[in-house]
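The two complexes that follow have chain A in common; it is paired with chain B in the first and with chain C in the second.
Let's turn to the complex of A and B:
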């Protein structure tokens, strides 16, 4: 991963430079006009968040059953990313909602779901911070259950109420508007790569912290 | 010979029920708390003419169930911690998942006992026709309780070791059990319509069943590594 890190930084940086230019040049959608352009980053953050949730769930399972430290670091790093991308997505969604729905906040299915998922992973971070010794294990349980409950949150909130653009928008977008579809995919790829990048950096930080702790302990002995 | 899974679960359940029958501490305090909850809601949801807000009953019932359930969860494990019996329980030559199952059964029974009194009370105070479809309501409450208690029992058990367990339990439990609360409230609200919307309620019962299966399985699977120090 160390060798790949710098090239990856360059690639992601290039993608994030290219994306706004491509978005600026993309066609206007006839009903939403300018505000529709938020969508490219908005959708991409949710893709990144989904990836982070999956990583957190899987890493938590591995940590709980195998006890490998690196998976614990992966889990905490991805939980933090879920919160970061979740909050970013909520902000961009709120900006869009102000224009499209006329309100900053709407108890719509996807908004509620995103809020709940952010809450779950904030809970994960809280138990790590305030759980005292051995809290990594408790957090791992929260990671597993949080990841497992996400599909249910998705489904239940969907049934509860929906005024959000349906997921069918995504399905028909490819046929109706191939240019935009490609751009959405490009932005999503950029965000997912950014997730990988941040994850690696954060895991490295965690590894160094743990080494420092060990050195302190060795010094005291 | 090691006792079987069902045997151990029933033994743990019997132990918990015996303690509870002696003191009746959790049942009484939980029930009183639930009643107090409903009273507080009545100040918020009963309008000036003395008529409750339309459709408030379903939400009030489920919030009272969830809040009082959290209280009961905290207490059952606090009792184990206070008597320092949890370690003994875990040291017993029995399978850990069976111990969890016993604890879970006890929890479900406790919550059910509260619900048996709480549901008619909310129906009475808020003029809610809860008993138009008693079987569907029972299914919603039963499955919802299993889902809530399955996650709650595991979390309460693992939090026993921490100093901040009282605050951490609701912080962890509520977000994870959001689907249960949504399904319970929406399903019950569908039953309160006139005429009751049975297909909607069955839809939510389906979701609750899937949730229960997934979470009871997950909890049985993770209880062992979580309780090992």
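Let's turn to the complex of A and C:
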């Protein structure tokens, strides 16, 4: 991963330079016009968040049952990214909603459940920070439940009648407007690669902190 | 004179609410600031996140160097 890190930084930086240019060049959507352009990063951030949730869930399971340190580092790193991407997803959604729905905030099933999901992972981070010794295991359980909640958030728009677009949007976009569909995929790929990059850097930080703790213990002995 | 102006103004004020067809452009919510705010917020969020990580890595490295010095002195 060390060898791949720098090339990955270059690729991700190039993608994030290209993405806004491509979004600016893209056609306007027929009913929402300009404000629909928020969609490209809005959707991509939820994709990145989904990857981070999956990593956190799997790493938490491994940590609970095997006690592996690396999986614990992965879990805490990904939980942090869930909160970062979740906050951006909610914020960009709110700005889009202001124009499309006429309100900054709407208590519909998808928006409310997504907020709850971000709060679960915020809780995870607070338990890690203030929980004291042994909080890693408690947090791991929270990570698993957070990950288990995410499919419900995804399907909420199909199960309940809400004003949020349904999951079929991406399927129909591919048929009706392939250019926009490709652009969404490009942005999603950029966000997922950014997640990999941030996750790697964040795991390295956790490894350094662990080494620091060991050094303190060695000095006391 | 003043009474004439007051009377004219009173006549211009419509009674109750009346609908308008075709919302004037000045009354519509502009999309551009919302789109710009969305992308700018993402940029700021990423810069802030990376800055906090950078700072934390710096702190840990400083602490590690200090501990290594203390360990060397102890030997």
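The working rule: the second predicted complex is superposed on the first by the 211 of 221 C-alpha atoms of A that agree within 3 Å, B and C clash if a C-alpha of one lies under 4 Å from a C-alpha of the other, contacts with A are read in each partner's own complex, and residues count from 1 in each chain.
Keep this in mind: a contact is a pair of C-beta atoms (placed from the backbone, for glycine too) under 8 Å apart; a residue touches a chain by one contact, two chains touch by 3 or more.
The model shown is predicted, which means the values in this text are computed figures rather than measured ones.
By the touch criterion stated above, A:137 is placed in contact with chain B alone, chain C being left untouched.
In the superposed model, A:119 makes contact with chain B only, not with chain C. Once the two complexes are laid over each other on the shared chain, residue contacts for A:156 go to chain B alone; chain C is not touched. Contacts of A:20 after superposition: chain C is touched, whereas chain B is not reached. Of the two partner chains placed by superposition, A:181 touches none, neither chain B nor chain C. Using the contact criterion defined above for the overlaid structures, shared-chain residue A:98 touches chain C, although it does not reach chain B. When the two complexes are overlaid on their common chain A, residue A:215 makes contact with chain C while staying clear of chain B. Shared contact residues of chain A, touching chain B in one structure and chain C in the other, are absent.
Within the complex, the chain A residues that touch chain C are 20, 33-35, 37-38, 41-42, 45, 84, 87-88, 91-92, 95-96, 98-99, 102, 198, 201-202, 205, 208-209, 211-212, 215-216, 218-219.
If you check the complex, the residues on chain A that touch chain B are 64-65, 116, 119-120, 123, 126-127, 130-132, 134-135, 137-138, 141-142, 144-146, 148-149, 152-153, 155-157, 159-160.
Touching chain A in their complex are the following residues of chain B: 151, 154-155, 158-159, 161-164, 167-168, 171-172, 175-179, 182-183, 186, 203-204, 207, 210-211, 214-215, 218, 222, 225-226, 229.
Note for the complex: chain C touches chain A at residues 29, 31-32, 34-35, 37-39, 41-42, 45, 49, 53, 56-57, 60-61, 63-64, 67-68, 70-71, 74.
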